[in-house]
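Each chain carries a letter (A, B, C and D) given by its place in the written order, and its residues are counted from 1.
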Amino acid sequence: MSNQERFDTFFMIKTENIVTFFLETRQYTETICKPLEIEDYVVQPIVDVSPPKWHLGHTSWFFEEFILKPYKPNYRLFDDDFAFVFNSYYENVGKRVVRNDRGNLSRPGVAKVYDYRHYVTNEMKEFLQSEISSEIEEILLIGIHHEKQHQELLITDIKYILGNNPLLPKYNDSFQENPVQDVKQKWIEMNEGIYEIGHSDPETFCYDNELGRHKVYLHEYRISNKLVTNDEFIEFIDSGGYKDFNYWHAEGWDWIQQNNIHQPMYWHKIENQWYQYTAQGLQKITKEAPVTHISYFEAFAYSQWKKCRLPTEFEWEAAEENFNWGSRWEWTESAYLPYPGYKKDKGALGEYNGKFMVNQKVLRGGSVATSTNHTRPTYRNFFQTNLRWQFTGIRLAK
Amino acid sequence: MSNQERFDTFFMIKTENIVTFFLETRQYTETICKPLEIEDYVVQPIVDVSPPKWHLGHTSWFFEEFILKPYKPNYRLFDDDFAFVFNSYYENVGKRVVRNDRGNLSRPGVAKVYDYRHYVTNEMKEFLQSEISSEIEEILLIGIHHEKQHQELLITDIKYILGNNPLLPKYNDSFQENPVQDVKQKWIEMNEGIYEIGHSDPETFCYDNELGRHKVYLHEYRISNKLVTNDEFIEFIDSGGYKDFNYWHAEGWDWIQQNNIHQPMYWHKIENQWYQYTAQGLQKITKEAPVTHISYFEAFAYSQWKKCRLPTEFEWEAAEENFNWGSRWEWTESAYLPYPGYKKDKGALGEYNGKFMVNQKVLRGGSVATSTNHTRPTYRNFFQTNLRWQFTGIRLAK
Amino acid sequence: MSNQERFDTFFMIKTENIVTFFLETRQYTETICKPLEIEDYVVQPIVDVSPPKWHLGHTSWFFEEFILKPYKPNYRLFDDDFAFVFNSYYENVGKRVVRNDRGNLSRPGVAKVYDYRHYVTNEMKEFLQSEISSEIEEILLIGIHHEKQHQELLITDIKYILGNNPLLPKYNDSFQENPVQDVKQKWIEMNEGIYEIGHSDPETFCYDNELGRHKVYLHEYRISNKLVTNDEFIEFIDSGGYKDFNYWHAEGWDWIQQNNIHQPMYWHKIENQWYQYTAQGLQKITKEAPVTHISYFEAFAYSQWKKCRLPTEFEWEAAEENFNWGSRWEWTESAYLPYPGYKKDKGALGEYNGKFMVNQKVLRGGSVATSTNHTRPTYRNFFQTNLRWQFTGIRLAK
Amino acid sequence: MSNQERFDTFFMIKTENIVTFFLETRQYTETICKPLEIEDYVVQPIVDVSPPKWHLGHTSWFFEEFILKPYKPNYRLFDDDFAFVFNSYYENVGKRVVRNDRGNLSRPGVAKVYDYRHYVTNEMKEFLQSEISSEIEEILLIGIHHEKQHQELLITDIKYILGNNPLLPKYNDSFQENPVQDVKQKWIEMNEGIYEIGHSDPETFCYDNELGRHKVYLHEYRISNKLVTNDEFIEFIDSGGYKDFNYWHAEGWDWIQQNNIHQPMYWHKIENQWYQYTAQGLQKITKEAPVTHISYFEAFAYSQWKKCRLPTEFEWEAAEENFNWGSRWEWTESAYLPYPGYKKDKGALGEYNGKFMVNQKVLRGGSVATSTNHTRPTYRNFFQTNLRWQFTGIRLAK
């Protein structure tokens, strides 16, 4: 299967339509940032969260570095120093040695970053008026999906920035985090046998880590049609789930002790009532909504307490047509590993996925923060086992 | 090499023979320690290495805690404080709060620990003269295998203690670490299809993590009949393998930078010639011997450089009858996860395996340090990706 | 330069003039921040540096907490949460537990902080129209001096924020850091004998750590009339001063190794030429200007290399009328300790100085960043031995 | 108690007697180690404590390195590697890079270290039969005093090794740590005026940091004739002294929080009764004995709680003839700084004192563990403000 085949007709995107796709994506990133005050663009409370202005710059730098610079004739860099500031693999070299934490950089200022952004968007727009090669089109598509990935990060990073501020300011009125699942819990029965896993449609876009469609043998299993709810998770807390080491991995137990973890991220107990910080500020827990902002360690401990387990990513993919998904990234038991026959792309773009394939867990699904067209049944998200700032969730299997 | 051959002795073990098996195991542990000076029993240079006297005490405590105390009538503990000192899950509680690093404890002294050991062995011997229930027999077997596991650790820990001493003292004359593989490298071709994985024989011993024999679907693959040699690994070093981030996981790359890793553990370059610390002291590299004391990160990087990959644990098990193994624990690409239907044992013995099933890699095979009867084709060893003090090795697949 | 001259204006401050003194001080703080972009107000690159908006809020909180709240009838707090945010002794308590690094807080925003500031200034202005007790006047004076101290920190913190940004933006055109000393170096000879040390004039303001005027016996010594220049310090660098452990304290030597220190802070070597980041951006070193941004460790090492030593704070105070000072805080050999008979104030204000009297060094003088009327010959500044972001300098003695 | 009395023996040491002095010192070091089991020689529970066998080797290496090697004709090193192992300024260089923690080195074994020790003693004995120059005699004296200093460290390090073992083994029956002070507490009044400080007698030994006898001016003060007792310290604990930040330096307060400090080192509360680990094992607190194993931070906090202060080292030295001292090293308020005119010795021996003159406090007196002839009224001991494993104590002043 060639690169060409894969990208030929992604959702009918051809020459002129891809321009619209590009421009809409660029626009939506800015829409996400609209509710922010300038100060919110600057801070980086933990290393996993990036300042919003960095996301704005970095997604622009991607197009500048991989398309405009090599392919647009006479392209002039917006600013020579920006590669240095907005490259995510930024290492301190050269004469001006500085501390590299992104949250320490007040300059370039937000206005300047928007100038950079608009400059790149316009240069790209101009560039896309002429015919582009399929090779460039492929990079363009990756760039668009790269930006969509950062849109999700923008939302969760903004939530972290505001939700860890003592004033707990709200983000906006419209972003709904907590859909209520209006189905009854039941167990979907899946038969033993051979299943095919991985991306198959040569017409549609996917990342390299989904390729290498292959067979797996699954034994009989049952998987829940519903995500674990806040209400159910409160039962786990109330029955001492965070205090009994039997439910936890040794590493998870150490982690909750050292970090003093007793509940999901963003939960506050006020006068014996659970509250949750959301995009609309501090609110009472929605009992029927799927629990979120829990680590793999917590998802696993919950499943143990419930005498169940987490599904593997293969079980999830084989069953996904039978349940609704998309509001939470769902932790699986699978470690993030290459599929049989995985080949990483050449050069810088090849660094995208492969080099992270150790000591991380696969998450499947998508979340309320995931951009449209950005997830699919074969999509493999991955995080370290202690991370909680994404909209993660729990689906049980047995 | 068949399963059958390897477990012959084991089959014969029933009631009376198990006493011999027990006593031989107890004896062999002491044989391993014979070449040591008293001082060597005490130190703990890194957290993964335990002082030899701790191994001697801990393997005795196991029989005292799980057999003598609950089952032997009128059993008198050797010393009330020893549970406190030799329990591997030792946590600081109670009135006499002390630092818990094992290498800081000069007391109980070595002679006292041997007294304890002999006391427990004799009490066990006496106890085993009467009929024992199958339940106790099972615990006894686990205890024996537990001690065999510690025998391997004893050897590798002693190597670490001596091999990181500036005087590089030798251990003994007889322990041979570096068998030469006298076969020509060739690729074993394995067919696509369904394979059965896991321990099947109900008559023989295995750990809980090997149970749940199940089917896996494997695609066509090739696996080397031979382990990577020192000579081949030197090529990797010489061609700049430790200096090119393209071969490494992001986490592995950070690890070699931070720890200044440029060669396998115990290698020294003296006057442009590679030497290796062995049980016989510092010696010239045996070129044809399988490379050892490399981390998973290094095994993976080597495989990338060689344009191959590491096998999964399933590929390894499906093919193992076709090649010789047993001199190195072989890193696989598989994360250490439960098999379908895995159930951990109840109580303290159940903590043995399950709680480590996250962020570790499976190793298959066995090593020059592994005790007889202690490994088998389904045996699953596991370590964190950066550990090197075991006799690890590399077998390539593609 | 006499004490008298320096405090003339101060003497005139009584009842009505103190209002002007207060308002001018409040105004000057804002003047310092004028050149900043909003983003610059938010970041905290190292723990010793506070975000400018925090300084603006904290100096306002001081007046609110210690004057308006207890003394102004019917005073309404601007915001109940601000005590929580702007108290410098802020500890995480209560229900909304958040990470306490100041640089992670994007809210309250800069505009809101200025609103707070102006609200407090106006309320104070109103309050000061009525007669105030001498007790309140004393607190008011401390509050004003407290803010003046923060003015100096504001300047050095802003310099750190901009000077550690890879774009090295300039602050303004007017702030001159590098006065040239137009005198010839000579040694001032001081006689052996008894000297009086500490603040004496009951009419003028000082901190509690300057009180307890007392006698010290000094042996004959010589002290330089001039600070060590950049040119002289370059000689130290060029002769290997940073590479020879003989010049350094053991702790200082460890510190330069671990932090890779080879030159003063803000120095950059470009094409074999030394540059220095200043308020006007990157500039060639002014050779005759006093060296600055060096730690006590470096000041000491320089003195050893020069076969001299640093003066004690007593030697400095006894001789200060004989030389010009005020452009650099000058490291002394004296540890920061209480004077005989030192009594710390009661309550929160008493925590101001005493609790820091361990493991710090005294600096004497003042700097280009020190506010007018804020230093005096008896003023005792103090910092840990490794800090460099203040305008520190070196005066030699023997 | 006069200088004279204390140094009587010393005066007699000339040429032949110095040999006896040397041999007795060498012997006494071994006497201290007599009660140890071999295992006790090896461990290093914290970085400030050295393994006894290291002390034995290091004090021997000193004579080999500074006397035998340079001055004894045809001297043969006992072992080429030992300089590497027993040099206290040991840094990892060269080809055999190893972890440098002393407690990780099981070899050379204890018997070998004693061989080394006896070899050096005998070679020295032989060497001292011929006339030696005054230059060598001076080094010899330093070497002897160096060993006496290590004798004290040996005792306190052994106490740490045994006292932090959960079995709390006893050291011996004879070493008495807790002398009872049989005097009534009273305040010694000292007059204002000029006092002379520092070592004066050119005939007697002292370290370079005591030289530069000089004048200091002291104001009227009172100093206690008695050390603070365990009983008095229990009052401090019981009244919440460890819980009220007002008594503590900011740095001390952080230190007790982070390290969970609630009582002196080696104290255990068992059934509401205070016990103390001593050379004879765990024993009830001797109420009238001087409190010991407290840090400077705790000594200071106690003095604040008692509305007193600690004396300066000058106040101590000026008053010392008026009270008994010698059972505890007494924390002073003075930072460890050079005396006027301090000149450090040239070469390696000059590193002895000067390079530690920052961020440490002076202790005066001596302790139950100090070797005879090793302290004097001008002796300046020094430690970081958090260290507690020495026999430290508290004498109040006001």
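Here is the rule we go by: a contact is a pair of C-beta atoms (placed from the backbone, for glycine too) under 8 Å apart; a residue touches a chain by one contact, two chains touch by 3 or more.
These figures come from a predicted structure and were not determined experimentally.
Centroids of subunit A and subunit D (each the mean of its C-alpha atoms) stand 59 Å apart. The distance from the centre of subunit B to the centre of subunit D, with each centre set as the mean of the Cα atoms, comes to 45 Å. Multi-chain contact residues of subunit D (touching two or more other chains) are absent.
Contacts between chains close into a ring here, every chain touching precisely two others.
Chain pairs recorded as touching, per the definition above, are A-B, A-C, B-D, C-D. On the side of subunit D, the complex with subunit C involves touching residues 194, 214-217, 219, 221, 248-253, 296-297, 300, 309, 333-335, 337-338, 340-341, 355-359, 385. Interface residues of subunit C, counted against subunit A in their complex, comprise 37-46, 53, 81, 84-85, 95-96, 98-99, 101, 103-110, 161-162, 164-169, 268-270.
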